[in-house]
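Look at the two complexes coming up: chain A is in both, with chain B in one and chain C in the other.
So, the complex of A and B:
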């Protein structure tokens, strides 16, 4: 079994760490140290208080130089913590870092056992396994790949805009791709923002124009990513630009064409205004839309349906910007990194029928009310019911679709605060009595609790309890022609009926319908709920399990504007850090296919979670793209002819490790037998 | 006696198919017989153990031993032939990996005896007679070899130089092996004398194998009408081809039956059954436990399916039972 792998007879240095009392209180480290010194190949065996400290590392480096060690085994904590530390230490002493192997006797031993004797036995068994393993280690080289400095950002809401501007201001080129005809996302629909009540448009639109005019940003609205290939530093992305039937470069947004449209009256629901107003077949989503370019809706334009329109729009355009024959345009770009800022959708209130949305005209969602209170909205900022009257009383129902076993279990985080904001704005606009029906008020955040306090002094009513139904069935004369909200007021312990003129449903946030498709396209993971999954909830909140793909904003989970902006900044910093490094090193624990022996059975291809394996039709063999491989080993397990080899997890290494572990069991068995005899 | 190289054939725990495969050389057997002297072949010619004992050690050029080792007699003969031979070839799946006889390792010796001499429906044995190692008959002491508790491969008993895989090996491989040895160019010791890729490499249905098998159901061959043109795995039939060494030129598949793995694993695989299981299970469409169980119910005999020829040489080797 003595395999020298090209650097001479194995000379192993073994080091066991006390980790203060963390290990030494449960494992007899001295005993482990003595045991290791008796094992074949071990030249030196030591124990030390903190191996990860500088003196601990120097101990290893000194031994490598003086004793000519060519294999290092450290028994200490989890490799997740210090594998890198020790590899670097070995490398600095001139040893290939992959001749180092780590034994976890803290998380796997001292922290989980209560009997010192058996804990020490286990530490010894693991030590022997590791020492037998390193005989078969080989030197490995890290590969380095260059990082393309161009960046793709998918989604032009406030997160995408922030990230794009940050990166572009750093002098790097950004492709910002937005599905809708304009950037701005949900924030563009809001009137004011909590808790400062500054106007959303006033703080957003300058950023939108900055994106449009920035020399380092290529803005593609009304466009979607269709295909992503490649790996960190080198992604190839295909983008489809949907036809607006207007030549973007020629249109200046004068909107003459909209006036000239054969339809004198707008008659189609305006999506941006939550269908509370009408638009024409040729339209611009909202006055500050960016880019300021009109577009056609082929579903409603007469010319697309019957080809018999007089085309007054075309006549009206001096710049000849209208092109009804426009076809989708396909772009292929190369980028090194990607930020996904695809946002959220609001909960479909019709799925909670007890609240009467879709049944009673005066039940609104919060997003609809955002438009109602907005000066550029369907009512020019007048909060009125469907029959045009100012409401005298308004009920805001919290947690619609959130914290609900029948809908979503999660708290949508922003609803309490935006409900408070809407309560304030409705009261300001109408002087109505406003009731908030809440389960718990959740207002953590800078200035948030103070805002809640302020609302309470403004005379807004707060009723604690989940609303059971909204009904138009009047039981008393005061309820006639009103919507009655039935709720158990849990603070006073009675069931109340509150008649109001208008109901606002504080709908929660949920992942976009096609989040799963995006996840697959970019090869990242989703949580069970469908939010994009971060690499680590605390320490890597904007990274994903795919290198070079970052996430920011509400696509990762419900969050408000400040949090989204902060995440966008973090994602931009991650991207810039990769670009700035110029190249990235790939861990060499990748798998490779022995092409000579591959039978081309394809068993490995569908199961690779990183889509790193492809089939070469010419050679009829499978091939692994090393840059995409994360070394998870799935294909190695699946290769039925044993033709895939994974660095650091070769059969020789693993069998030898198991053998080392079980040898100890043999000894225990002998001891047991001796006792019985 | 001529000075042509001496060849010996011997059989242990086997079905006789390996002997047949020698005869299957057809006219080529004349070529072999012309090139060598067959000096020991109990199935075809009358030789006694004494004849072999009388030979000089190492005087046999090559011995081909088929069958697994499960009796004391087989052990004795294997050791004797080893001593007399320069090269020993484990011939066929049973000598190579334990073969079908090693499926007996799923049971204890007493369980087997109990069934064979008592419980089997065709047995009438009210006196509960059992085979004995020795007994007196007409004042003569008659002995029988002992059946061991463990069925072993040939190389678990004696040193083996080469392996000719297959149940049985094909005449083509036998001819190649004999010619190679006669040429004096010996491959490295321990070589399995067959290509080292998996069978898919030479399978006529390789092109029809989809890249995503995503199993939803497993069938045994008698349960469905098998499409003669399509990859068997794509039809849900467990074909051991991907984890089995090539060399048979996909004989079973040409007969529209799945590969059952008789050539054993490639040199890179320690345990053929585990590897195939690992590979199939990696490609199962379901993700939850009940769904997976339901699909795997289509394989009622996993040991017989994945370890049909290799239980003795596998990591499992033998079921641990109390009367070991």
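So, the complex of A and C:
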């Protein structure tokens, strides 16, 4: 029978994968296979086309059973990709999965090197290191932890709403935390959605009220996550609920207080309407805001500044819902999983001064125009310039802040389509001549290209060329009192000057300003651009490198509504699969103390970031609480007596790896010297 | 013996430095995978050992690597503030600073021991750091500590011929 406990002589099986041509084209796999067969302990050495395929795995299993192998080394792709696959294969054949070790000769060798000889030499060195390492492997028990079925979702845009409803409908409890006073996100600001021209409010508000009334959803708006601790299945999260100065449970959203405010006229810029209209110090962001609760802006309310207001608002509220002495409320919740749906921000158009945003009043951003065309917006759906006139001609400038070496290199993906939508809506509202200035029209998606075709038949003008300048400097009488867009029309090869009454800048999407803080708080990574980084761009698009933390929507990269909703559904499914399983297996790479050698110096105790190490006064030795240990190994490296052992990364294992890598170097050196001689 | 010393200092056009790298699982190892997936091309001299956190790098690993013939040691960890385990990379930084001084006093050039913060999205940085380090080490030439130890051994043997049971330097090292 085979030896599964690893005691006795190691019998190593070595397998090298061709990965089709991926590895075999740059690494001489047969050479590696032959080399491995000469190494001590290796019983069998094989090469195979695809080790991760079923026949490949069966090859290992057959050898374990027939040859009594008790160590397995596979040289193929990155352990981050297939370590799990091979561990499971070994386990199915009756071997403890931790007797397996993986050599990365694809991502680290064949894909990054260009010389077959040196690539093969490197593969051999890595192979030798792994084979020397597995001598020291030990059988380990998997650590299983329960998964708390409660879920935290951060961000109440369309992605967060979709994920929350999906999970809540499955009967699990969701905490939905939103920073703004209302959920809805950017989608709530839009009038219509492309390409079907559905009214955004009509499809979004039912979902928003479903969130509010769902028994399985705890909705905390105007709240922010302050601290996150723990690990997959067991996160402890601290949330700050900012004071609205209105008791949420009592307010019914009648808005009597707003009418009663001592300010008869609204005089402060309304953030929801992109500052195109005014609001009072007590306000509700928009009519369908969820929850339907007013809030105070302490920056502008007289009573917060002088304490000498007549407080007519309080008098007007017959439910006694106003509490000007409200303080922030701090909540602590325990959840098993988290979905981040924190969304995006639009590019600040003032950073591209050639377009004149902030300089000419009739240069608008696309989000401002979204509010202008919206019936509940600042002009009740009238598209008018700042002087109140209907524009006769409108220019929409694409790629503002996108595909621009001076701003962002990426394509924001949604701008072409929303520019088409706005062109349609502006034409519908005003009958104006609408010009689209584009670099390339990008309309891939179901029904998107058809929408573009439809716009062309509607008489919208398309000019291919990046706009160089928007100016009010008139050269001819037709340009007087207008904004002139200067552009090279690259289809006819001339520079054109197009005078318009209104300019719309199709601003791109960029990561939120504080995306970096959020990412640190939840211990996930960002791409160079600042978008949250997914675990795998194709195969794990909503997972992150931190187990139990998922991402969905535009916080991961520019995305339109259908894509955001699809991702939210995917993230919800990932969460539900974790909850259904009930528990999750963790890598058993925790550290433990070898009491025999521990001198009780206490060096390890302050080093542990999780306070997992304590000191036993009785035995005068350090003790590691395995449940708290996350397996970083920092204490192991700090222990002066070498008495801390980290499973899977033991000193002996790493020393043998170093030795294996460099002993091979010695051999090369000797060979070279022999040649010299 | 003299011939060996001469050989050691002989410039070799085909010299390829041997570098051992310790990459943390969460940032730098992932970045090196990204470099692979992006098919970036870099020098084959660096051989990577994967660890969970740069904080796991024991100074002994570095000394052992040099003693076993590495011409350079590279450590890759998450950027400050980004450590998957909160602060393992800071612990590494402290050790790095101390160890660098010690290696310097042992005559090991500063360029041979390098700590880099490479996040999971910085595949490009893996390439530039490795290429840069290989270039610098090529200029410096081989370190060859095992050979130097052998030479020292022979010298020691000559000196201590009258003493009984001389310890070889390699044996002495094994007690470290």
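In the analysis below, the second predicted complex is superposed on the first by the 470 of 677 C-alpha atoms of A that agree within 3 Å, B and C clash if a C-alpha of one lies under 4 Å from a C-alpha of the other, contacts with A are read in each partner's own complex, and residues count from 1 in each chain.
The criterion applied here is as follows: a contact is a pair of C-beta atoms (placed from the backbone, for glycine too) under 8 Å apart; a residue touches a chain by one contact, two chains touch by 3 or more.
Owing to the predicted nature of the structure, the values given are computational and were not obtained by experimental measurement.
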| item | value |
| --- | --- |
| Touching partner for A:334 - first (chain B), second (chain C), both, neither | neither |
| Chain B versus chain C as contact partner of A:606, first or second or both or neither | first |
| Contacts of A:637 with chain B and chain C, given as first, second, both or neither | both |
| Touched partner set for A:580, first chain B, second chain C, both or neither | neither |
| Contacts of A:112 with chain B and chain C, given as first, second, both or neither | second |
| First, second, both or neither for A:79, with chain B first and chain C second | second |
| Touched partner set for A:616, first chain B, second chain C, both or neither | neither |
| First, second, both or neither for A:655, with chain B first and chain C second | both |
| Most chain A residues touched (candidates chain B, chain C) | C |
| Contact residues of chain A, present in both the chain B and the chain C interface | 607, 634, 637-638, 651, 655 |
| Partner chain A, residues of chain B touching it in the complex | 196-201, 206, 209-214, 241-243, 246, 265-266, 268-270, 275-276, 278-279, 282-283 |
| In the complex, chain A residues that touch chain C | 78-81, 104, 106-109, 111-115, 118-119, 121-122, 125-126, 129, 520, 523, 525-528, 533, 545-546, 589, 607, 609-610, 630-634, 636-638, 646, 649, 651, 654-655, 657-659, 661-663, 665-666, 669 |
| Chain A partner contacts - residues on chain C that touch it in the complex | 16, 18, 20, 25-27, 29-30, 32-33, 35-37, 39-42, 44, 47-53, 55-61, 64-65, 68-70, 81-82, 84-88, 91, 95, 119-122, 127, 146 |
| Chain B contact footprint on chain A (complex, rising order) | 594, 597-603, 605-607, 615, 620, 634, 637-643, 651, 655 |
